[in-house]
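Here it is, the structure, as structure tokens.
Per-chain numbering from 1; labels A, B, C and D assigned in written order.
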Amino acid sequence: MSSLDFSTTLGNAWFPSPIFTASGCASSGRELAQFFPLHDLGAVVTKSVMSKARNGRPTPRMAETPSGMLNSIGLQGPGIDAFIAKDIPYLVSQKARIIVSIAGETVEEYSTLARKLRSVSGISAVEVNISCPNVENRGLVFACDPEASRRVIDGVRRTLGGELPIIAKLSPDVTDLVSIAKGVVDAGADALALINTVLGMVINLDTLRPHLGGKTGGLSGPAIRPIAVRAVYQVHDAMPKIPILGMGGISSGRDALEIIAAGASGVSIGTASFGNPTALIKIQDELKDLLIAKGFTSLRDAVGYAHRASEEE
Amino acid sequence: MATINKNAAQINSMVVSNKRVGQYHQLIINVGDNADACKPGNFVAINVGGESSRMILRRAFAISRVSTNPTFGGTIELIVAPHGQGSKWLCAQNEGASLDLIAPLGTAFGIPTQPVPVLLVGGGYGSAPLFGLAEVLNSRGCRVDMLLGASTASKIYAPMEGKRAVNSLRIYTEDGSMGQIGRVTDPIPELIADLNIAVIYSCGPMAMLSAINSITHNTQVVHQCAVEESMACGVGICMTCVLPVANENGDISMLRSCIDGPVMDGSTVQWDKVGKTL
Amino acid sequence: MSSLDFSTTLGNAWFPSPIFTASGCASSGRELAQFFPLHDLGAVVTKSVMSKARNGRPTPRMAETPSGMLNSIGLQGPGIDAFIAKDIPYLVSQKARIIVSIAGETVEEYSTLARKLRSVSGISAVEVNISCPNVENRGLVFACDPEASRRVIDGVRRTLGGELPIIAKLSPDVTDLVSIAKGVVDAGADALALINTVLGMVINLDTLRPHLGGKTGGLSGPAIRPIAVRAVYQVHDAMPKIPILGMGGISSGRDALEIIAAGASGVSIGTASFGNPTALIKIQDELKDLLIAKGFTSLRDAVGYAHRASEEE
Amino acid sequence: MATINKNAAQINSMVVSNKRVGQYHQLIINVGDNADACKPGNFVAINVGGESSRMILRRAFAISRVSTNPTFGGTIELIVAPHGQGSKWLCAQNEGASLDLIAPLGTAFGIPTQPVPVLLVGGGYGSAPLFGLAEVLNSRGCRVDMLLGASTASKIYAPMEGKRAVNSLRIYTEDGSMGQIGRVTDPIPELIADLNIAVIYSCGPMAMLSAINSITHNTQVVHQCAVEESMACGVGICMTCVLPVANENGDISMLRSCIDGPVMDGSTVQWDKVGKTL
């Protein structure tokens, strides 16, 4: 059998596998641990945690759409203190590698969250979810505003110091993704997570009103995969040295290889786990087999392959 | 060690039979040893549409009855209403079809430690889990009375053999096409008084559960209800299926109906806040 | 049987049905005429025509994706003169109502196209496809640049005079769709067409290179319907008086009603015709039945219903 | 009056039989009166995956043979390679399954007005339409010789009864597992000379068609080839299936292979420009 180096890195963080959970799609980790050991994954990306406990949006919170789904959870969660007290120790006990996702409503809130995480051990990286409404600027989503995006990452970078890698998670709902990506990298992001959900809506045909309690929701699942692959390709093209955690509709080893070839060093799996709680393991196994079948000896050689191959022409 | 859904397993199961019953389909599915862990109130989550389906989420169905069949091993029964594309696909699966299924999921109905009089109330296919429950309660010495309701006769699911464990069964339809005309909740106050009901077990539309709760509210009657919220994952990872529920201190939080439910203590559910911003 | 007023208007143009073809998805009309009379539709929206004949992009030009497809045609076409000489007379002979879609690489090209259309009779409206790269501004797509979008529409408006309604067709790939919509309405658009395709990409897993000849392509089909419904809802919310021609993944009467309730006065059907050449007629019939079943006596009462219903709360 | 695809109709057809033949499936489909309009070279476009499929586009398949069966009426035969999800789904359809199908589409092979010697060259499932074509040519008095090639034996489709109308049939496989080892194009120059071939009819991978064209280029031999480009619609409305083709004046334009093809005059196709920017 061929031997394959399946490991990957994001900034200075090393992971034995490139397959991660996606933020908000694995809850505390305990729920999936019934189906496989969390240690088997590259990492668990936790759901975005905020300073205070939040109840989130009213129900209905989901609608299935063709090859996708909309969600409007509204970042329900226990708040950073309870999260550090309960969820981190559990994940550590499971020997899972941990990427903590943080979310805030102000630039200051992100820094506060980062400060609380500084002293917590067992964390591999911090993912900064900037797809949140900025209460200081008419609720405009941070990730849609180049300046606000920069300021959030800058604040987190200053607070964290140089140790923990920062992964800035961007929204695809922008005119110029590359310029936003460049901005957050300038501000200190070590890596980028692409893509968050795409803004969508479903009208309930019985009531003829918006179906979701929150009216609009985030579209995820295979339907958005072509958008995710394009986003990863564009950003990798512009900044080939910046590692990307790719995601958006990945549900097979083939899908994972597609986004890796487009430029992703790691792959988060979100919605696929809803349809199949063992999807992460299935995808991980399929990806390994596929890389070996294609003659790769190292995952790293496949990262961004679609760009290199086209240069050869 | 897993603490959530600890008996759940994802298996390839096989359809043993598929029979139309009124507007529903009764599916018997071979789930092997998994049947042993299934309790009344638990549900299953099934992949629908096959490999190239555009339906990416599982569908949830209550386990109606469990049995160990000498030929097939452990089987479960589901009562499925052909509602949208996913449930219609399931209703079209024939004997021998294989289903990717996770079972058992969620909480089960709590069984009283003492033999007390209980009332079971089912709306539509909500009656499905009540017959298996009735058998358990009956075997514990409880007196079991049952009310079933639906808009019309063909939506009443009440199998002959299901009535064995039941002391009385009354049926209500809104159009009067079967049983008495009216709502299944109408006779409840009187029955509570007459039969000295200690526990009501209910399963059906949220409006029915809420109406029962208004009746049991501020009484000694315990209300164990199986709620039904839209579920994307069924296993606790998506946070879509939440309901506002109060804890002992009266603090309200959004609990997941797939792991903290579907069976919940009706008195803790904040019925007036369902679908509202907390 | 209930009687239903199924007619609709976009600006001062009247159509007996709200179901139209989508630009680029009905070729010259002759191809569909084999399957049903073009006169039965609300209107035929022609494929975007440019000044000169164009060969378009290299093949492969399409990839199927989950519940969607990518295309990269690159506006292949005969050029405006041949179009006016051959395609318009054919459509007129079929008694089809005609909406001509125009596309250009410069502001001037759009005006030139409009000038040529002024004297052509039998046209109900002009759809201005501004999802084209602007050669005068680093190839930035007009529809992604508020100022360029305005200038295009302004130029077309001045050239056409007040007669023919102008429908500005916008791209969803922008941070702030509403502000672009407002800009083109200020510049003289009578109606808006929402949405053009979403930028996407597929990597070929045999070659591990971009599958499409043009690398990226436009995502269409049911996968993008939630994005289209959201776009129509947002824009109708901001400008309830501006008629919208909604499109994006509509493939049934239910889908059509969904986007109408979100705010569309007309519905274009694109990709659905590829899977089913009689989709337009099927959708039209289903929509009629559905409106009647829901007790509507006029299509107009359903337009934007999702907004009015929510105001009643 | 329609001028494009004027014989095409969208119908609900029925699978009459489905048989594995090597790596292919032979499907016989009842298309009723539509069969009468089907000519060798035409293709059909079929909906795949059923109602809730995520596959939104039709799949194109060459019509292999047409017959009028006293029991079933008009039937067509398809030879389907299980390639991706759509063709696999089709190969899994059993007798009695109904298919949403459009037929006949595209151009047909041109038949010489004089009885001349012709050579038929098929690659893989590309041989499918050639047997029906051979019968037509044979009935017009042409001498028909045939070459079939594939990577391996199981990818050669050459039914016994298909050989009736053929003077000679030679098979080539790249691995030598059937017939001679080598490429189907290897013997063509010699055969042209020996048999005084007037027309080559070809169907198979684009690389094979292009290679044949290099042989017929600057000769008197007419090359009628059935091309295969990715098609989104099959009926001429999407512009995805184009090929660079020269007209009489030498002007090159992108023609749709679904309506100006699949059968084209090989000498007009700009093989070196396929997949390039014009």
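We take it that contacts are C-beta pairs under 8 Å (C-beta built on N, C-alpha and C of every residue); 3 or more make two chains touch, one makes a residue touch a chain.
Given the structure is predicted, the values throughout are model-derived calculations rather than measurements.
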item	value
Given chain B and chain C, the chains that contact each of them	A, D
Whole-Å gap between the CA centroids of chain A and chain C	34
Length of the line joining the C-alpha centres of chain A and chain B, rounded to whole Å	36
Centre distance in Å when chain A and chain D are each reduced to the mean of their C-alpha atoms	47
Multi-partner residues of chain B (each touching 2 or more other chains)	54-55
Contacts with two or more other chains, residues of chain C listed in rising order	63, 66-68, 221-222
Chain-level touch network, classified as line, ring, star, complete or other	complete
List of chain B residues in touch with chain D within their complex	49-55, 85-86, 89
Touching residues on chain A, where the partner in the complex is chain B	24-27, 30-35, 47, 55-64, 66-69, 71, 73, 76, 213, 221-222, 251, 271-278
Residues on chain A engaged by chain C in the complex (per definition of touch)	63, 65-68, 70, 144, 173-176, 198-203, 205, 207-210, 215-217, 219, 221-227, 229-230, 233, 249, 254, 257-259, 261-262, 294, 302, 305-306, 309-310
Touching residues on chain C, where the partner in the complex is chain B	66-67, 222
Touch list for chain B against partner chain C, complex	54
